[in-house]
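Only one structure is covered here, and it is reproduced in the block below.
Should a chain be cited, it is by its letter among A, B, C and D, assigned in written order, with residues numbered from 1 in that chain.
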Amino acid sequence: MPLKMTHDEVAALLDREFPQVSAHFTIEELEEMRIRVRLNVGEAHLRPGGTVSGPSIFALADVAVYMAVLGMIGPKSLAVTTNCSIDFMRKPAAETDLIADCRLLKLGRALAVGDVLIFSEGVGTPVARASLTYSIPP
Amino acid sequence: MPLKMTHDEVAALLDREFPQVSAHFTIEELEEMRIRVRLNVGEAHLRPGGTVSGPSIFALADVAVYMAVLGMIGPKSLAVTTNCSIDFMRKPAAETDLIADCRLLKLGRALAVGDVLIFSEGVGTPVARASLTYSIPP
Amino acid sequence: MPLKMTHDEVAALLDREFPQVSAHFTIEELEEMRIRVRLNVGEAHLRPGGTVSGPSIFALADVAVYMAVLGMIGPKSLAVTTNCSIDFMRKPAAETDLIADCRLLKLGRALAVGDVLIFSEGVGTPVARASLTYSIPP
Amino acid sequence: MPLKMTHDEVAALLDREFPQVSAHFTIEELEEMRIRVRLNVGEAHLRPGGTVSGPSIFALADVAVYMAVLGMIGPKSLAVTTNCSIDFMRKPAAETDLIADCRLLKLGRALAVGDVLIFSEGVGTPVARASLTYSIPP
């Protein structure tokens, strides 16, 4: 199944739908059923000690699956997260961008499931693992 | 098992440890193994249409369990989230504060588990449900 | 919203649909959006030391939500589990029945979410906590 | 970090610790931080229509992470599951063995996290995805 949107179209959709946060994220790579997204870490994401906050990691996983799904199904911006399970495994490196490596494991008519590994840029062991379910309106 | 910290001590700890976000949250009620926390919804939490964002809901669940745990074990600010599972069940009411109703189901030496229901203020059916595990350093 | 099936009708449906396992479970109480189910612990559920196995606890949570959903929507036996998150918090008491206390937090047209606490009979602190999502076919 | 147990030692440990169920599972491959395990599907695992039951899929994911962890840390049979999140994505093929492909994402002193994809043998798209946390006693 081919992509229905290009890298630039997905990025433009994010700008349009989520203008408050779209500048925080950069699509590094978009492929069929896969995406790699960068969290451009800034003051808003940090906790004392320079570590990236849990909600920022959650937001990165969430937006990665959202963009992977829309890339495949086209601009149905009403897709909504129904479930997320996330394991925080290691402390992120201080003041370092995070990279989310996401693949879609299922893309059904009503539900999509994505799997995400999150790394501090340049570090080989993951900071977090998340899986998310999106509900796709008819 | 009695509380080790008062309502005001937990609030002060949050101010000290998480100054970037503590103003977003208000402890409504602190009891043994339970807490009720308000998300003071502002611009930063909203998505187009006035709905509260997923990461803001996650942050509320996370901070509620954190404060419930610290209230019981005292100011060990190194307690860290290791796992969260969250179900987003209904769209939050527009521009309305969220209330997290949290109880601790387990408070062991190494791990604590909290369960959270999240409501738009004044609405009887929950917006979200979350469970979180915290690891407590020795 | 009232129940669409009685206690006996739900029990009969389980016998019919899942004859291999229905004898393991007893509905203790069925109400609107709630159910209490007993796992009649036998050899098949035990691990060395007399403790109840993880898969048996999972099965109890799963069947409890299934029956709570069917009680509310009627005998659509095609409802399927799409997600489960479960926390194992304490070792079950040896050779003791388990009781699942389940409430439905959401019963939408396409998705239902149930929350389950599981206790060893007669013990006040829960053995496990689970939340499950069921997909309901149109 | 090298394996502390061989394929045969892990299989023997499973026989010894879980004699009721060890015949259901076959280790296909054991490597550092990875394992592939087969569920030898039999009557006990089936539901009407020949599909493999949810609790059997859970059991496979659970035992795969257990054996992957013990292979790395040696025979500490007290390691216990504290959390599992599982997505059921497709119906298993009728009367077909399941294969669990598991990798450990974290192996800390106190907690291990494993990620599992489960396939019907010979089918390329996964039946289920699970992540599990094990607590390792000191």
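To be clear about the criterion, contacts are C-beta pairs under 8 Å (C-beta built on N, C-alpha and C of every residue); 3 or more make two chains touch, one makes a residue touch a chain.
This one's a predicted model, so the numbers in the text were calculated from it and none came from an experiment.
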Interface with more contacting C-beta pairs, comparing A-D to A-C: A-D
Of all other chains, the one whose Cα centre sits farthest from chain D: B
Whole-Å separation of chain centres (CA-atom averages), chain C against chain D: 23
Rounded Å distance, chain A centre to chain C centre (Cα mean): 33
Centroid distance [mean C-alpha coordinates] between chain D and chain A, Å: 28
Touching two or more other chains - residues of chain C: 82-83, 85, 87, 89, 133
Interfacial residue positions of chain B with respect to chain D in the complex: 82-83, 85, 110-111, 133, 135
Contacting residues of chain A [partner chain B, same complex]: 17-21, 44, 46-48, 53-56, 58-59, 62, 80-89
Interfacial residue positions of chain A with respect to chain D in the complex: 85, 87, 89-90, 105-106, 113, 115, 117, 125-126, 129, 131, 133
